[in-house]
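Mind having a look at this structure? Questions to follow.
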Amino acid sequence: MPGSTLGELFRVTNFGESHGPAIGCVIDGCTPGLALSEADIQPELDRRRPGTSRHVTQRNEADAVEILSGVYEGRTTGTPIALLIRNTDQRSKDYGNLLDTFRPGHADYTYWRKFGHRDPRGGGRSSARLTAPTVAAGAVAKKWLKERHGVSFAGWMSQLGEIAIPFVDEAEIPNNPFFAPNAAVVPQLEAYMDALRKAGDSCGARIEVRARGVPAGLGEPLYDRLDADIAYAMMGLNAVKGVEIGAGFGCVTQRGSEHGDELTPEGFASNHAGGVLGGISTGQDLVVSIAIKPTSSIRTPRRSVDRAGAPTTVETHGRHDPCVGIRATPIAEALLALVVMDHVLRQRAQNADVSLPVPPIPGG
Amino acid sequence: MPGSTLGELFRVTNFGESHGPAIGCVIDGCTPGLALSEADIQPELDRRRPGTSRHVTQRNEADAVEILSGVYEGRTTGTPIALLIRNTDQRSKDYGNLLDTFRPGHADYTYWRKFGHRDPRGGGRSSARLTAPTVAAGAVAKKWLKERHGVSFAGWMSQLGEIAIPFVDEAEIPNNPFFAPNAAVVPQLEAYMDALRKAGDSCGARIEVRARGVPAGLGEPLYDRLDADIAYAMMGLNAVKGVEIGAGFGCVTQRGSEHGDELTPEGFASNHAGGVLGGISTGQDLVVSIAIKPTSSIRTPRRSVDRAGAPTTVETHGRHDPCVGIRATPIAEALLALVVMDHVLRQRAQNADVSLPVPPIPGG
Amino acid sequence: MPGSTLGELFRVTNFGESHGPAIGCVIDGCTPGLALSEADIQPELDRRRPGTSRHVTQRNEADAVEILSGVYEGRTTGTPIALLIRNTDQRSKDYGNLLDTFRPGHADYTYWRKFGHRDPRGGGRSSARLTAPTVAAGAVAKKWLKERHGVSFAGWMSQLGEIAIPFVDEAEIPNNPFFAPNAAVVPQLEAYMDALRKAGDSCGARIEVRARGVPAGLGEPLYDRLDADIAYAMMGLNAVKGVEIGAGFGCVTQRGSEHGDELTPEGFASNHAGGVLGGISTGQDLVVSIAIKPTSSIRTPRRSVDRAGAPTTVETHGRHDPCVGIRATPIAEALLALVVMDHVLRQRAQNADVSLPVPPIPGG
Amino acid sequence: MPGSTLGELFRVTNFGESHGPAIGCVIDGCTPGLALSEADIQPELDRRRPGTSRHVTQRNEADAVEILSGVYEGRTTGTPIALLIRNTDQRSKDYGNLLDTFRPGHADYTYWRKFGHRDPRGGGRSSARLTAPTVAAGAVAKKWLKERHGVSFAGWMSQLGEIAIPFVDEAEIPNNPFFAPNAAVVPQLEAYMDALRKAGDSCGARIEVRARGVPAGLGEPLYDRLDADIAYAMMGLNAVKGVEIGAGFGCVTQRGSEHGDELTPEGFASNHAGGVLGGISTGQDLVVSIAIKPTSSIRTPRRSVDRAGAPTTVETHGRHDPCVGIRATPIAEALLALVVMDHVLRQRAQNADVSLPVPPIPGG
């Protein structure tokens, strides 16, 4: 099965290349009756948009989304929703000197081995631009989940390069370009980024994303466990190299007496599980953490080869991010929303007849 | 879509509960003409089997696999291969005192909220026993990949609780119950485990798994990237809470000038990418690392509630692992093999006509 | 995607070959809480079973089904239900003289071109024996649909060779081996069959199957229309060469003024649509008709070639049906039940929030 | 799984409503390297286009297709191909008087019961307009199949209402608006249609479609048999109520000695099988026949009810086809091409290693 589709019941099929005519997606399976317009989607795209701060790629794409189908008189019809974003700012020439070589850390080499050709236009389909349709679809999922189930999503940066960012105040997240929940550390982050940009180098980042109010019971015992599908979605995001749920790799050194979250009448006593047990949601916060690798397009010269295998050097100019993680937060939120939405529909498909008492403990 | 199936073209559908009559799987889409018998599968199951050392659950399951279909005169027919493993040692009474409570860290609570009932028999479908069919299917994939493409798989433990296990000698892996690539550290690991068992507690582990000889070009640009599907498979393994590819979370503090693997005529200069770029295999080793949480069935009393939410205490007796990670290695290998197999078939479905020169550099 | 699976949410994966160790299926996605035991399935298998009359293949297969998983204390758990049927009567030698030739009308030639080998054992996977797991799975779907939604299924033969069978009395269907809703015609049918058997030839049949009480709203606008999925299931049944919904091919000569079913306060005035409009169920009876070709295993000699293309003659002996359509009725019912079940779950997945007044007209 | 997608490996996701902003599709899994431009697709859309004769709906839609992605420098990249068709001529007011009633034979009632709302704009998603994206996608499949495998597709009308159309000359098909392979009968067909239009009524039609040069071995034993998938695709076409393969319902009265196609060194002696045996292609022509019901939008008044169930009358004005079958031929060809394309990729995914001698007989 070709892999441009995410989800089983809330299915998002993504299309487009960075410098082609347009990018977009088709959402199939959206519930009908949801109030929806471009105004519900555009703000999420704007959060992600390039050019919003000096720390991210200076590319002037308005990323204006257009709804082509699936909405009538302001409400979803239940038929597929096609979302279109035209590409307007395509400075192909930035990549002109790369036509016959492979940029280290980029997908140039692998796309060539897979498809037999090289699309040098800004990364083509490998470009992070293709996260825009994901965010657009995520906006739809977020809206329905919020209205129908009271689920909310939040994401933030918890580490930039070596700088740990303590979680201080969620309200700070939208106030700085880093999505950092901490106003005090922002000047340090900015100085760090400026230094990197001058040096022509890049750094990685750690992003956390949380879903609150998720119903218990989402996810399949195996293989389509909720955390498995979350890992799939997150690891599928450009530049992600690691995914954790709850305590994540911290589990390795924990004891069972410490890790297992006890249940009390007041609720779960902790959340090392990150909201998932046995692959199924507990009703607690879903807590996900991802590792984003440093940008591969840097201005320091790097060794490479050409198609014949002869050695050469590659140096990137033009528009580049010293840290692609800066923009990842809204995308990670969107991905989490898409997975949760999909599993809400899957759960009610199979288990709508299950009749349970009110959860015996809060937040479960 | 119900989620008991892994893979798109080499599809494995898993069935069974820990104490039901039988467990097994159906493999659909296996290539025809592969020489196959139970003797090709049983050794992999034996690697995973309980009771092979004092450090793992003492349960006497022979895990004898039977091929019910899909093989004729010793070769696969291309029709579905059903693999059956009868359950023989089912000491249900070990769980008798847990009928109305929820063991912290286990899936009891979540299964109840999902399906509306509680199957107290040894974890039911949430039991790690259900990894046996996965390993059986993985054996088939491993065989074909080895014979047809020269791909090999290896896994090992890289950390047990706080004890880091340096990679010294791959040949040592089968010589100890930990799958540790290091003979010298084994006594320390054993002492550690004995202490834990006495204390009635448990610890986590870190497992690494590697695929070598993987062709370049496997994986889709998005969403079904090779690393996304690997993360899905690994996070779907019982007790896994984190997945890394290549440098993983180590990326966060790396620089782009350090992380991006340069290409030289002799091959890639490094492998921080872990064998995947842009979601597609480079031809280098696939390198995956997973975090396994400490066992939830421990003998120290833990707080919980009953179905009405009243407080209670839970204490597990009977057969338990102080570290489920001890047995995870062959399962992680199987999962990686299943994902690679699936993507080999997917790649040739779409791109069989692509004609490329020999890879310009070795291992790519 | 390998194709041994039917359904998206109530998924049935079929395995086995006619003369292999066993046949069976795995049902994934069954709703939990349904009372289920072998006793709910066996009667449906018995309706289909060979050896129940002189008009069908004399093969002594008890077709005893065993539930291997997915049921606990007499109720479905929501986890996969594996159903197993061991093959006991495998008279392979009946086919011994066919090893290197291709029987006209059989799948011998096509399996060889597809898989590169020939499984001469009673048709292998192409055998109608593989309809047994389908019937077993259909029994589960029928039960749930009946208990939960009041849906009932009925099938009958409407034509045998040239003999039209008028629908006279539904209660007669179980009283004769033809599933004919007409006692008076049975002697004629039996004489017809006896004559065919003596002549060593075979005839076709037309089977009708009806679902009553189906909720309106099942099916997707396109492409997974309810009638499309029904056609897929029916045409996928061995020996079926035609499928009709409602008026079927009779539509060609109808006028729109005659075909379109008018709506009145008492209900739909007719049902030329066969219960499906725009791919979606109306609430009326689903009416499906299928054409079954004459058996290809006949005792009159037929021309064929061997693998090298040299001419030869083929003559079948042993156990054969003069009309495979005799046994098709319970299978067609099962297939219709599986499609309806799947679409009930799909409909509630997406549209569970849709709130409508009671249908404005009866039977809609 | 929401059902707007056709195919497993050559996947076409269709979106749009008749009077929404645009319609289109996304093709995922297309092989790379295929020369492709709008000029390869537009002619197929033109064959289907309304307004090309007085016998079809007079709606001025240019149906100009635009390729939004998946093509670079004139060749497919292997990434998803999005095809867009803007709606330009949307005379909504034609349907204004139908807002609260349900047109007999249309999907109005069923869409309301399914989605909980009524989209009165020209049928919305139920409109035959949504066959345009299918035809566009089919053009891509046809091109690759022709270039890579020498497969060709042809379709024609074999019956209009009561008028049988003997197959006389394939070259005549493009010369008349009926796609009739027979020049002599055309005046009779035109007179028949003119009479129907004056009467405000409609008739059905029978369409045949053939694929030639199809490789043997396509299709799965069960359930995804080639003929099953063909039936699914065809029955999923608006207004289709019956599908036949080969002899179809004619099988019912055939004898096995007559129906089974013998094999000779010169090739198969007949093709009652229609090119499919045991669900797998034989290499012979695929022969499919479909029954198209008479148009439901007619000018004779018809009884209906409103949402409260009170009786009312419905009469349609504006643009209508006296026979929607007139335009079905290119759509049926497209659907057949899509199914064949999908199965070619599926076959090579699983069985690319199968090595067979040249087919022992021609056309096999």
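A few notes on this one:
The first chain written gets the first letter, and so on, giving A, B, C and D; residue counts start at 1 in each chain.
Just so it is clear, contacts are C-beta pairs under 8 Å (C-beta built on N, C-alpha and C of every residue); 3 or more make two chains touch, one makes a residue touch a chain.
Note that the structure is predicted; figures quoted are calculated from it, not measured.
Listing every chain that touches subunit B and subunit C alike gives A, D.
Note on interfaces C-D and A-D: more C-beta pairs are in contact across C-D.
Set against the Cα centre of subunit B, the chain with the most distant centre is D.
If you average the Cα atoms of subunit C and of subunit D, the two centres end up 25 Å apart.
Per-chain CA centroids place subunit B at a distance of 45 Å from subunit D. One finds 39 Å separating the Cα centroids of subunit A and subunit D. In subunit A, the residues touching two or more other chains are 1-5, 8-9, 14, 29, 32-33, 78-79, 114-116, 125, 221, 346, 350-351, 354.
By the touch criterion stated above, subunit C contacts subunit B in their complex at residues 1-5, 8-11, 13-17, 20-24, 26, 28-29, 32-33, 66-70, 72, 75, 77-82, 84, 114-117, 119, 121, 124-125. Subunit C makes touch with subunit A in their complex at residues 1, 9, 29-33, 78-79, 148, 221, 345-346, 348-354.
Listed in rising order, the residues of subunit C touching subunit D in the complex are 1-6, 8-9, 14, 102-107, 109-116, 125-126, 130, 159, 161-162, 201-206, 216-225, 227-236, 238, 241-265, 269, 272-274, 276-283, 291-298, 300, 302-311, 346-347, 350-351, 354-357, 359-361, 364.
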